[in-house]
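Order as written gives the chain letters A, B, C and D; numbering starts at 1 within each chain.
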């Protein structure tokens, strides 16, 4: 297949997988095989694009014209490549994990679960490879809607309430803010394509650009910038594999990915660097980093703590891109990868703990590291990575963000980064400490989680460390992004 | 009422003349006041007169409901048929000029059939309305 | 403005308002239909009155007559009358069935019966 | 030879089918004829659209009497577009009607239903195609009268009351329209719309023209259920048999909007209506009120049909809002929303009809747990609901997009914000259904029978697919709408 055809295949493979899964619903083993097969096929397809993209090619495809001059179109650029690679690669791991989790917990509606999961990945690929704002918007909304059944999977009162918040915030921000932002962009620029260096030109006053940026960054609710972060903790009612892949990787990364893409390809870094009207963004994201960390510190529920940690870490990406320097943009791209592999490890661990022991609160985890050494070992690796300790990939991305801040002389940002590293340590390390060094209660009669889950979380933990030593591919892609 | 002999005899005598008058009005419509509407109503009036004097069941035996509905439909079809005939003969829809070699005669021919259709439909509709309202009453009485 | 000279319009407007008033103000379904009839009748007048020329005759060409009334409004209103009759007939038919279903033709009573779910006679 | 008579055939074919059905009396034959005629109307409408696209305006003189003396059928890009919409919806509803009518009506009334359906179709097509103001009134009444009958055929006795209310309101509306036409006739001496438009330019006595504008506006607004003249609509839609609801919701109000567009832009002229008179503010206010309040009312309905009926009132608000924008993007949004909303609402009401067939009533209690019992129907409602909200990738998005652009073109930011904000209310009512269908357990005692019959499901899903298709490939829907807008803003009808 030519790279152009592969680009189209990327959203099509998981969609076709979803159909196969639905048809095989009555036979669980075949159904799971279909999930794994489509995950593997997707990863291989995305991987085959890597070479051309690294060589500077930008494969793409145009499907049909939705509005005059705006088509449903795909084009692979470095950031999208990186995002697609992360999401599709982790889907394989997550599928293995899901099988263990869903069977281990005897969840109902498993076919619906896998179908929606595959469709969510299809939408994610659409977002990653979108060539213009409209395509991005279509798949962005599709991702919101297709993850709704996953969030409300249990169908009880809690799930309904969580689902309402989830949908209310995500749809609300996208319709109220993002859609007008896109319309204004169209009215001003006459195009919606992503073009290196931006498309806005000179058609807007500085203050209007600031307003438009606000519409975008708040309108992309998936980036979970405060005050539109509430959907993420609400989404934690979902089964853990959903929280792991979608609410640590696919959905939230789709948010920050979109923010980065809009700032780089719609506004253009050079165009808006130094504008007074956009310098509020580091403050908002810096505030989100600190505030979410503090909330995380005070949450006893493990998944909730991880969710707020995600809110905080997402703002790292927004913060670093808002510095509008090439180095910090690289840092943003790298942090998308770093946070993805680290946070998915943490969620995997949380799910494993729940499956093995049905414990959900941090205060219940005393001594659990002795019973589940692999799980908690992986958890420790993920936590250290997010704090920014080498040898884990989190260190790499934070290094670039720090350098970017230093290069632009943003001392406030450097302070925020330092403080948040301390806060990260403060909410992760007690868990590690309790797990390994406190005496366990006597009644706990459980061992490790099911094998597929342990394998999955070890794989992501290994990836977390491995990417520290071999960051070449993400680095190369990030460099292309910053250089473009 | 039904046994009133004078009424029955007069009615039987009168109704043919009413119908004849209806035909006169119908054909006089070409060049004077008259036409399908009026003729149709007069025909219906004759029938309704009959129904009032001899009772609804008798009238229904003579002109059954089905026939009334068929009249309503047939009249419209005659009208539309004239239009289609115009189409088939090479004119526009409802073009009477083409109905005869002499255009003026075509007009007369066209209006004749159209008025005939109107008369059939109007008398049908009038009867139908009468049957419906009158019929309800007797249905209720029977029940 | 010549008020008396426009008397046909005054009649038209009076019928229009009166008909509309009856439709709105009366609760009896039959009376509403009567009001509707009056309202429509005003339109017939509105069309036909201006079509008449004083001294004009029916528009049939004959020797000795030079002015003719405009026949078009008559044709239009003939159609409108037919439409009005059809509407009236249909309206009455519906009222008859409403009476059968609810046992009343007073609007407030019917709405009342719908609310309480009470059956007609 | 047939090509040049298409304008007449467009109306005559369904008009002739109606009495034929009465003569046939057999339900299956009547259904077959209705389906065939509906499909034929669609083919004719599409052929007319193609002719207009290639050869410009088509003028057809009925009875060969040349306009402006005779009745003229005049097809341009705008009404060809409306004709296609009506034909499309009719040809989807007609096959659907078989199962639905068989279940909802006593057997001896089936042929009556199809007869009235054909008359209604003929009336709506006639309104759209005719270029004569009074002929338009006659077709308006043909469609209205048959609609009253169709609504009265509903199962519930409330249907009778709804039909009666609609009859009163509809007749008042039509009479208002005729009064307006009468005044225009007095001032111009012509009934041909094109002729009337050119003669109106020379009329200097403005008062009768203003009165005519007012009467026509109120009359047509009654028919299209512009807020606050919409009170007949929810009752009528909720009580009518399911195929009727779908057909009316998708076409009747849309055709009335067409009449409004025709008079505002072609006859009176946009400059007169919107610049010299405060009509813009009026229509804009009413439209926004409709979009917001009717959406709110929809959220609190217990009955699905009623809920979507109020949603229709709100969506009509969007259409008239686009008209009040009076610029290219806004009007394109209005015209394309005619089509997109028609398709969306048809899909919704057809699917709801399937539920009604299985559960009797369509209250929220009855649809609890529907996702399991009728998965395809529920999924279809969700997708069409998304189109109603205006989610990107669905037809509804395209219209919202153009409305927002139209508002931005005028620099009216608050209006753009209102448009998107009110579509959020649509999320609320669509999601009430989603939660009921997927996240609630069915109430005990609700019949657990399966999907609607294929004869209903397939047409409904065709419309659902159309909702998505016209959201992704807009070359037909949007292309047609833009051509129509060019006609509207170009001045000449």
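Observations on the model:
As a working rule, contacts are C-beta pairs under 8 Å (C-beta built on N, C-alpha and C of every residue); 3 or more make two chains touch, one makes a residue touch a chain.
Remember, predicted model here, so these are calculated numbers, not experimental data.
Any chain that touches chain C and also touches chain D is listed here: B.
Across the two interfaces under comparison, B-D and A-D, the one joined by more C-beta contacts turns out to be A-D. Spacing of chain A relative to chain C, judged by their CA centroids, is 69 angstrom. Work out the mean CA point of chain B and of chain D, and you get 36 Å between them.
Here the spacing of chain A and chain B, counted between their Cα centres, is 79 Å.
Spacing of chain A relative to chain D, judged by their CA centroids, is 44 angstrom. Viewed as a contact network, the protein chains fit none of the simple shapes, being neither a path, a ring, a star nor fully connected. All chain pairs that count as touching, in label order, are A-D, B-C, B-D, C-D. Within the complex, the chain B residues that touch chain C are 31, 37, 129, 132-133, 136.
Considering their complex, residues 134, 137-138, 141, 145, 148-149, 152, 157-158, 160-161, 163-164, 167-168, 171-172, 175, 178-179, 182, 185-186, 191 of chain D touch chain C. Those residues of chain D lying in contact with chain A across their complex are 386, 389-393, 398, 400-401, 404-405, 408-409, 416-417, 420-421, 423-424, 427, 431, 434-435, 438-439, 471-475, 478. Residues 60, 78, 82, 89, 92-93, 96, 100 of chain C are the ones touching chain B in the complex.
Chain contact summary for the complex, chain A toward chain D: residues 63-68, 72, 134, 137-138, 141-142, 145, 148-149, 152, 155, 159-160, 163-164, 167-168, 171-172, 175-176, 179-180, 183-184, 186-187.
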